[in-house]
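Take a look at the structures listed below.
Each of the next two complexes has chain A plus one other chain: chain B in the first, chain C in the second.
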Partner chain A sequence: MKSNIVKILFTRFLSSLLTLFLLVSFLFIIIRLSPGDPTDKYISAKLGSELSEKIAEKFSLNEPVTDQYFSFVANVFRGDMGVSYNYRLPVFEVIWEYFSFTFVFATISFFLQMSLSIGLALCVMKRRSKRLDNLVTNASLFIYSIPAFVLGVALIYIFSVTLNLFPISGLKSLDYDYFTFFSQVLDKLHHLVLPLITLTLAGIALFYKYIKENMDEISHQTFILNLKASGMKEDVILKKHVLPNSLRPLISVAGVELGILLGGALITEVIFGLPGMGRLTVDSILARDYPLVVGCVFTAGAVMIAANFLADIIKLKIDKRLVKGILN
Partner chain B sequence: MNSKIINLLLLTFIFLLVIACDSKQSNQKNRIVIGISADVQTFNSLFAFSYEEGAIADLLYPGLLDFRWNEEKGELDSYPMIAKSWQWAEDSSLIKFTLRDDVLWSDGKKLTASDVVFSYDIFSDPDVQSRLYGIFNQLFTESDGHIDIEKTFNVISPYEFEIRFPENSVPDLIKIVVPVIPEHVFKNVSREQLANHESSFNPVSSGAFKLKKWERNQSIILEADRNSFLFKQGQVSEMIFKVVPDYTSRMLQLKKGEIDLVELVKVEDVEELKKEEQLVVVPLFGREYDYIGWNNIDTDSFSRGKVKSNKYFGNINVRKAMSMAINKKEILEEYLQGLGELAASSVSPIFKSSYNYEVRPYEYDPDEAKRLLALEGWKDEDRDGILEKSMEEFKFKMYYPVGNPLREYAVAVVKNNLNSVGIEMIPEKMELGTFIDNLYERKLDSWVAGFGVPIPLDLKPYWYSDPNIGFLNFASYNNVETDKILDRLETKISNERKNELIKEFQKIIHQDEPVTFLYWTPNIIVYNNRIKNIRITPYGVLVHCWEWTLN
Partner chain C sequence: MKSGLKIIHWIIFLWLLLAIVRFELIIDYLYLILSYSSLFFTDTPSAFAVQSFGLVDAFLSALLFLLIIPLILFFGKRFRFITGKLNFSFGFLIVLGFVFLFAPIISNENPDFSKNLSVTKLLPPLSSVKQFELKYDELSNLSAAEMFRKKSAEIIKPSFNENIIFADSVKLSEKIIYYQKNISYEIESEQIIDESGVPLIEEKFFLLGTDEFGRDLFVRLIYGTRISLTVGIGAVILSFVIGIILGFIAGYRGGFPDILLNRFTEIFLAFPVIYLVVLILALFGSSVFSVIIVLGVSGWMSLFKIVKSEVLSIKQKDFFSTAELVGLSKYKLLSKEILPVIIVPVLVNLVFLFSNVVLAEAALSYLGLGTGNTYPSWGSMISSGQEYITKAWWLIAFPGLGLILTLFSFNSSGRMLGRIINPRLRK
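Showing the complex of A and B:
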């Protein structure tokens, strides 16, 4: 069985690599064929077009797309995604600066989404109150339908402008360096509260809906009724049998959600002035910074694949029957 | 279970409250916070391409001279900066500079003439591709634009040097003064690697401020350099550039006092901001105008390498009719709420000495527009409401870039205006990068765009008929007379003659109306009234900010 799992995982890994390669290749060609020129911004009344021509020459933008593509592929195999036109730094160096924040921010948000939605679903299931169920379901639907830019601005207005409890934007105070270590930690948390609420609320609503529906379905299955008939405590049935079985179908969705979060949360990042992957990707597209666009998409693709890969491993670990299914 | 949840919620609430109360509010010491929408990528003056990068780099690296806007004359006056004096040779073939001997780099070394010569060398080096590459044609240069240092400079002593100019060149100090960068920091760095070098992110500067801290995508903190020759007691001790990408957040922070100054405020926010007692609103005109471009030549023929008159807009009377059919005043009053000025040509009224006050914008006159169109054969013979000529209807697309509400509004008004004189205009939105690309390739018949006005005034790139020189002449305007004037402006002539020629140029442009000039759009600056001694001029907002003080 173990060797079968390794085989499955290895095949998945190879196909993931191929997917990533095809993704960046497709993007590389599409973005170069699309209109717009990254050197346009170097033309001005004062400068003329000499500088833009020099820069086009430096970044090989005048060469045919096929030549550019082959040299790109050769570089990719050497682990080099090129140099960003805007930052004039290696692409991965730029991405790392943004990704490190996105990773922490997205991971915290993901765990908050998972834990709070599970907690909420358990609470509603235990109470067995139709009114509470309706209230939470409708509230989650309402929250899910609020766009992030509306929620973010509303939170800023209430908590920052009116109540003056949280900062409007940024990751830390301007006086951060003068704080004690404890105050520095609190300062960062203070700045992250509203962005985390903005990013997390919709996810909680989404996961709550999935978990609650699954729990409802599982709790009506025969083996649960048998457990109830055998006299097992409701609380134990819910935690040890209903919840684990309800989470299984959620793992794939959670994998996708984690991948999306790690790819960047553009709206939240812009509203709260946070340095994340979403902002970097959009800025690089608007500036026609081709190597950076490809690097960002590569990173987003890689984290999406990794998150799904992780979800698959967890699924295989939980349910051995899946191995057989995949092999067949 | 219920009590557990309540306890948990209570605990979370208390925790959030502790965070909210513990974090210290800004003590707003002796510092000014400026809100910017995007972070800089470098502090290296060589590569300071964006507006923010340029403004900050200019604070860190002053040039030989200082320029200040003369409101009365509408031009720049020069003052000493790193150079304490300068002397022209009688025939203008040479200028001798004497530098101050008290200018120190932030690492304590002295700034000398060799730093200045090195700066000219590196800014003009084609391997560096600096933001000023290609502008030194008034000096002795090699074929690749690199300044010939031997021929151009003569260093007399550490604080004296001469710049020699080639015969027939027309030296203009404003155009050739560069920021001075430290030779001892950059001289051993490979020129191809300069952009990535540590000094690009941790600069050794000589200005009134030096970099204290850069928190990428968050803030840039400049602190007063007490060893700088520009330092004065009472000067603002910290100038902070806070990166706030979201416009609404910037406005909220401005109102709340977390930010002291913001540029490019939207017209629709002005009334509300004026209600805030602590804020001062300053609309600055004359550096940007919007216009409707009419391609004077046929786009299809141009793409095949031929030049043929545009079937609609190749005719002067038709272009004049278009300008008369458009109610520019309505857009100005309705959308810009009067915070603008109708434009008659591309010469800004800020250039008071060279502005031709006799040239007035075409008045809104649909009847006259119809008459001119009929004169050129555009008549509605089939009575369908659309004008025709030689079986061809007057119907075209007008392109405009996405993300500019003023231009979107203007296009809607223009569509209605043109419709009422029998012209069908189809508005088409286009992504900005694609739009600019199409303009450079002269692919559009008609478009709405804007131009920034350089100081000092430079008309040649916008109106010269040769596309290699007039690379911003997107309308492909061609007139021998204006070409002659633009050439004459680059010769050795007196300032009075120059002003006369520019006035003549405006007259011809007005007669030909190659595009429809709409209005001068404002850059609205809002700042907190605790900032004193601030002088906002068309030359810039942050220039001389070391002279600002705080209440």
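Showing the complex of A and C:
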């Protein structure tokens, strides 16, 4: 059994590596296909054409495309992403700086989403009121339909412009450096309230839908009826039997969601001007900072795969019956 | 006996409302169609020269508007949908459909029209300004084509017209004095278009206010709906075709293509696709067409999975092997044997896909990577409105509300459709 699990995880790992490899190749193809020559910006009336040729030679742009591709892939997997054009820093340093923010932001949002949606679903199930159920279901569908940028801008209008409770954008106040450590943390949290609401609400609605549907389905199964007939308390049944059984399909969705969040909450970061992975990626794309683009997309892909991997491990831990299901 | 409002009632109500409110405009369009067809038969080359997208658009809208009620009454019996019960999301979807098809009838203004910025800039909803029009130079000896062009510019408003003047207030004396932000201007009353000697000064009413360039927000919203829906429909059709064909190949053939496609969908599903979309649009330039293609190509994976698994199970059924033995072609197998069976789950998936695409288009426009500045789009309206958030809430509220209601209607009708195929969820 144990060796079986290790084998599954190993094959999963290999196939993830393959996926990453294909992703990087795909990026290479897209970037090579796109119009424009990287040496173009070195051509000017004063410098003459020799410089651009020299640059092309230095960066091995004269070599056949296949050779370029192999050295590119080899470098990426050696962990050498090159140097960002814009920041003049190794790509990993730039990404690390932005990823640390995204990591904290995404983790807080993820745990809020999970706990609040499960709590809400439990609350609604306990009440057993059809009207409340319908109300919450429709409300969650409505909230799920609000695009992040509409919600974010509306929150800014209500809480920042009209009520003046929270800052409009950024992560630090102007006099941040003079604060004590404790108030620095508080200041950052104060800046993060609106972005967290923007990022979290839709996720709560999505998770709520999944949990609620699973719970409804499971609470109609015969073993629950059996437990009820044997005189167990409703609360205990709900918490000990319905909830654990309905969490299983949720975990894979949660894995995908965590991966997306860790890849960067693009829209939320743009609205609130936060230094996260999403904005870094799009800025690097718009600035045609190719090494950084590859680095960011690679990170997003790797993080997504890691999150799915984590979800698989947790699922296996919870439910041994799944070993066969994942094997296929 | 079913009671209550049905969808058909709502359609007829909207149609009547539009027909009553816009009666004159519809007559004008019909007149234009008649004069265009007479021009077409007398002077074909110049008829081709005067035609434009706006003209064709208006003609089609007007014709469809006249035909739609007979069409529904005639063919409606085939679709049980229209005698179904009306609810909020279906009602809103029908409004969207009306806006999409009949935008030129709802408003003949141009969404990019802006004039006299000092007067019309950032007007709140339900405000109005004075409007009058200078007389045009009377040109004699106009050819038939030029006459037609002049007439059509009166009915289908162009994006620029020097002769229209907006003013805060107008005083009538011997000369006409009008004020634009407390600066007064004088004008001879003969210069203004009049009605039996009295200068014609109208109230220009802005239902939803104006944006930072003095453009009518209502008109922009109407035409923005069209862009969003066009992108949505185009991308969904593209995804549908790709997903169905690849799913059929993977499920029916199996083997190498199956493995390849599975690997490929895994990449796309295991990755935040938005970055790839942004990357491709930024590198290759963005227009309506490229947005449709990129969103269409990036959306077919879930459909592929559904079709593949359904085809795998249908392959085992007797009716399918009979059809195979009879010797139907691959195309016939797909369209006659498989599609009718899987149409409902596919349809549900398409509805959700549609709302995803509309959302993605708006998000891309918000980031400045959408359909460009050529056309108004909900996302770009919100992103440009964000700069004026302290002064003009309506710039964000109305496009945002439109987007939310559209997504909500699609999501909830998708869920309703899903309950039809999955009775387990029905309680």
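Observations on the structure shown:
Convention: the second predicted complex is superposed on the first by the 291 of 328 C-alpha atoms of A that agree within 3 Å, B and C clash if a C-alpha of one lies under 4 Å from a C-alpha of the other, contacts with A are read in each partner's own complex, and residues count from 1 in each chain.
Here is the rule we go by: a contact is a pair of C-beta atoms (placed from the backbone, for glycine too) under 8 Å apart; a residue touches a chain by one contact, two chains touch by 3 or more.
Only a predicted model underlies this, so the values are computations on that prediction, with no experimental measurement involved.
When the two complexes are overlaid on their common chain A, residue A:229 makes contact with neither chain B nor chain C. Contact with chain C, but none with chain B, is seen for A:18 once the two complexes are overlaid on the shared chain. In the superposed pair of complexes, A:217 makes contact with chain C only, with no contact to chain B.
Set against each other, chain B and chain C touch different numbers of residues in chain A, with B touching more. By the touch criterion defined above, A:174 reaches chain B but does not reach chain C.
By the touch criterion defined above, A:270 reaches both chain B and chain C.
In the superposed model, A:281 lies in contact with chain C only, and not with chain B. By the touch criterion defined above, A:30 reaches chain C but does not reach chain B.
Residue contacts after overlaying the shared chain place A:156 against chain B and chain C alike. Shared contact residues of chain A with chain B and chain C: 34-35, 153, 156-157, 161, 270-271, 286, 288.
Against chain C, the residues of chain A that register as touching in their complex are 15, 18-19, 22-23, 26-27, 30-31, 34-35, 138, 141-142, 144-150, 153-154, 156-157, 161, 213, 216-217, 259-260, 263-264, 266-267, 270-271, 281-282, 285-286, 288, 293, 296-297, 300-301, 304-305, 308.
Residues 34-37, 40-51, 54-55, 58, 86-89, 97-98, 119, 123, 126, 153, 156-157, 160-161, 165-175, 177, 179, 183, 186-187, 189-190, 193, 269-275, 279, 283, 286, 288 of chain A are the ones that touch chain B when the two sit in their complex. Chain B makes touch with chain A in their complex at residues 1, 5, 16-20, 22-24, 26-27, 33, 38, 41-42, 47, 49, 126, 129, 131-135, 145, 195-196, 213, 215-219, 221, 240, 242-246, 248-249, 252-253, 255-256, 258, 431-434, 436-438, 440, 454, 458, 461-462, 471-472.
For chain C in complex with chain A, the touching residues are 263-264, 266-267, 270-272, 274-276, 278-280, 282-284, 355, 359, 362-363, 366-367, 379, 382-383, 385-386, 389-390, 393, 396-397, 400, 403-404, 407-408, 411-412, 415, 424-425, 427.
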